[in-house]
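Here come two complexes built around chain A, the first alongside chain B, the second alongside chain C.
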Partner chain A sequence: MKTDVVVIGGGIAGLEASTALHNLGHHVILIEKKDILGGHVALWDKLFPNNKNASSIIHYLKDHLPQNLTILLSTEITNISKRNNSFFIETNFHQTIETKSVLVATGYDVFNAHLKEEYGYGIYDNVITSAELEEMFKNNKPILTKQGKEPSRIGFVHCVGSRDRKINNLYCSKVCCVTAVKQAIEIRQKLPFSETYCFYMDLRMYGLNFEELYNESQEKYGVTFIRGRLSEASETIDGKIIIKVEDTLLGRPLKMTMDMLVLMVGMVPSAGTSFLINKLDLLSNNGHFIASSDEHLLANYTNVNGVFVAGTASSPKSIDDTFADARSAVLAIHQYLTSQKM
Partner chain B sequence: MKSFQYLKKIDRTIDYDNNDRALFYYLMRVEPTVALCIACGACTATCSAGNFSTLDLHKIMLSIRRGEKVYIAKEITQCVLCGKCQLVCPKNVNTRGVILQIMSFLQSSQL
Partner chain C sequence: MKIEGKKQIWSSYQKEIANDNYYYARSCIRQNFFPGAENMFIKILREQLNKNIFDDERQTTCTGIGYHSSIVLPETTMTVIARQFSLMNEAGYDNFICSCVTSFGLYTEVIETWTHFPETLEKTKEYLYKSTGRTFQIPQNLVHASDIIYKFRYELLHKLKYKLIHHKTGKPLNVVEHIGCHYAKIFPHKGVGGAEYPHVLAGLIEAWGGNMVDYPERRHCCGFGFRQYLIKANRGYSYSHSLKKFESMQPYEVDLIITNCPGCNYFLDRWQYVAAIEEKKLFGAENKAIPVLTFEELAALLLGYDPWKIGLQMHQIPVEPLLDKIGITYNKKEKYFGTKPPQIPEILNYC
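The block that comes next holds the complex of A and B.
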């Protein structure tokens, strides 16, 4: 198979870019390793800050997919190499695709919370990740502890896997702060008699309407924010979690028993992103996400001519940032392909 | 005699499980802007009474949520209700309203 551009990753960045590149007249092949499209967003329930359904975004993208776009599902790349000005991609179906350009839209994985052992993920019954809580919301599962009780006190721990030198992730994952605010509100809506607490280092409400959502969570839903990083969690005999935090605004230690602890896991480069960094000799940011040629002027270009990047493969991004990035990648690839044709 | 500096250890831990947060829930009903405080400290910095006393409004705000009732009852009496804290508050917390409600709550409940 021969094509102009191969888009690797069928999340929202890959879908948006494939559609736009096709509509600009280029031949596009979209490769997705899972058997469904939509990436992480397909797993989510409601979106911050305006409570929009995540599925409406996926429906929109799928509805606008061109009919004759080649989409390869359940397809994994086993090898990728560059010869002359073409890339040769081998898949698990033993196909070889020859392409003039590649768009890396392989996204992120959620941080493996086992690495922060002191928070007890995988050790204590009632410590879960924000991704798991979102999945409960999405599938309309009842919010229950492992012991089958409705939790009356739920804590959210910010910055798990982000801004942490101990696990070599110095960057901020950007979206966890406001996700915690969103999920704390949802818990209060679903369990009106519960108390919710957020333990944070800083709250980074950078986006439009984020601060408004944060205010609403406090004024309307009584979510309590405590500045202090959780030092450790331990389990009681009946499966509750005792946490120890320094309340740094009061300068006093604080002890609290929780029924459920939610870890706000950040973003790490996906396995696919790391694989392509290796195979294509792409430069990365401190061994993490794919490095742009220039973070201001050439955000979607990489050090390899013909390889472009979009979405969270290059840094943690929100959904709107990802869309903007995907569209700007389309323009970069369009310029690259048209200059080759001439 | 040699002093070994033995001290009685006073536990400073905020005991969330046993503290009584009735004041917080009362304020959430009658003056919900109390929840918006981000403990920036502007009120404390401008406080007229704070110049001459230990009154520290942002600490009182934090203590409300944590159920530290004894501290609040002791400190709140030093307020002169001048309202400067309300002028500087970036979150537009009705600080005077909060303080007046605290006073009326404490008066009606036996500490």
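The block that comes next holds the complex of A and C.
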């Protein structure tokens, strides 16, 4: 198979870019390793800050996919190499695709919370991740502890796997703060008699209406925000979680008992992103996400001519930022392919 | 509690532990607090495991308590440790065992310092040579004594006369393990199982039939913490730390505490005694205090050595309830080898 551009990754960046590139007259092949499109957004229930259904985004993108776009689902890349000005992509179906350009839209993986050993994820029954809580919301599962009780006190731990020197992830994952606010509100809506606490370092409410959501969470829903990072979590004999944290505003240590602890897991480069960094000799930012040629002027270009990047493969991004980045990548690829044709 | 989660962590914190031919560095304070423990360690290695271990009378303190109290300079500490290594070299050994957790942490810290700052290593060599005329090589393998027992826990299992099982009910005994802070909290990869969920003693409990108790204040300091205890005005902190742990473990009806650190063993034992007298509080199963043993004492006990020859009478909390549960026979009259027994407070006089 020969094509103008292969888009790797069928999340929102890949879908948006594939459609736009096709509409600009380029031949596009979209490769997705899973059997469904939509990436992480397909797993989400409601979006911040407006409670929009995440599925509406995916439906919109799928509805606008061109009829004759080539989409390869359940397809994994086994090898990719560059010869002259073309890239040769081999797949698990023993196909070889020759393409003039590649858009890496391989996204992120959720931080493996096991690595923050002191929080007891995977050991203590009632320590879960924000992704798992979202999955409960999406599937309308009752919010229950492992002991089958409605939790009366729930803690949200911010920055799990982000801004953390101990695990060598110094970057901010950008969306976890506001996600915690959104999820804490949803908990209060579903369990009105519960107490919810957010433990944060600082709150990065950078987006439009984020600050309003944060204010609403306190004024309308009574979510309590405590500035301080957890030092450890442990389990009581009846399965509750005891946390130790310093309240850095009051300047004193706290010890609190929670029925459920939610870890706000950040973004790390996906396995696919890391694979392509290795295979294509792409530069990365401190061993993490794919580095842009220039963060300001050439954000979607990489150090390899003909390889472009979009979405969270290059850094943590919100959905809005991902769309903007995907459209920007489309322009960059369009210019690249047009100049080649000339 | 999901044990699979712990196993996943344990698998990522394994360390190399030499198989034989050890140079043994004793602890300063253990020899005073409970001298039988170190002797039993040597006996177990020689008699049960048929290992070669060298007990060198020329060794000195590692300076650990002085170092952590800021009364011994780091350069002095490094030179003293270099001399210990020189003694090991001279005796023809490469594998160094520390009896004391503070020593283990300090030796590890010094070796790490030398690794990252080779100029400091050169300075230490110079100081050692000028002061003693000695040279030295860093050990090929540095471990804590509890690492050795952990390594051979299944070999010992086949030789055990008793297990951590109640001999009448057949139920596993509830055992708390307390790991000295300096074992893995400074360098998690130097401890078996890491710092958050150490496996070095939990592995013994598992292998020998007990039920490991993971209680909320498991990670908390035992109360020794040098500056809490060495400074007299701070001793209230020491007691309150220990008390916090005892109160936290109380709901689990604990039958036994085992430790791998001299200070931890001493303070978890001693402050229970104080709590019993001063506050009339007992924290163990059946409303009794909880016996506190070192890992070697436990191994020796289960191997069938006489409790009084192990030195269990040196602990302030009576061990007889534990012996009764395991089904170990003992002679009450021989506990103090014919010497006048100490006066036991009424609240602890239940044996």
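As a working rule, the second predicted complex is superposed on the first by the 342 of 342 C-alpha atoms of A that agree within 3 Å, B and C clash if a C-alpha of one lies under 4 Å from a C-alpha of the other, contacts with A are read in each partner's own complex, and residues count from 1 in each chain.
Note that in this section a contact is a pair of C-beta atoms (placed from the backbone, for glycine too) under 8 Å apart; a residue touches a chain by one contact, two chains touch by 3 or more.
Quick caveat, the model's predicted, so the values are computed rather than measured.
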Touching A:Leu297 in the superposition: chain B (first), chain C (second), both, neither? neither
In the superposed arrangement, does A:Leu250 touch chain B (first), chain C (second), both or neither? first
According to the stated criteria, A:Ile123 is in contact with first (chain B), second (chain C), both, or neither; which is it? second
With both complexes overlaid on chain A, does A:Leu208 touch chain B (first), chain C (second), both or neither? neither
Touching chain A in the complex: which residues of chain B? 12-17, 28, 32-33, 35-36, 39, 58-59, 62-63, 65-66, 91
Contact residues on chain C for chain A in the complex? 1-2, 4-6, 8-9, 194-197, 214-219, 251-252
Enumerate the contact residues on chain A facing chain C in the complex. 114, 117-118, 120-125, 232, 234-237, 242
Tell me, which parts of chain A touch chain B in their complex? 215, 218-220, 222, 224, 227, 247, 249-250, 252-257
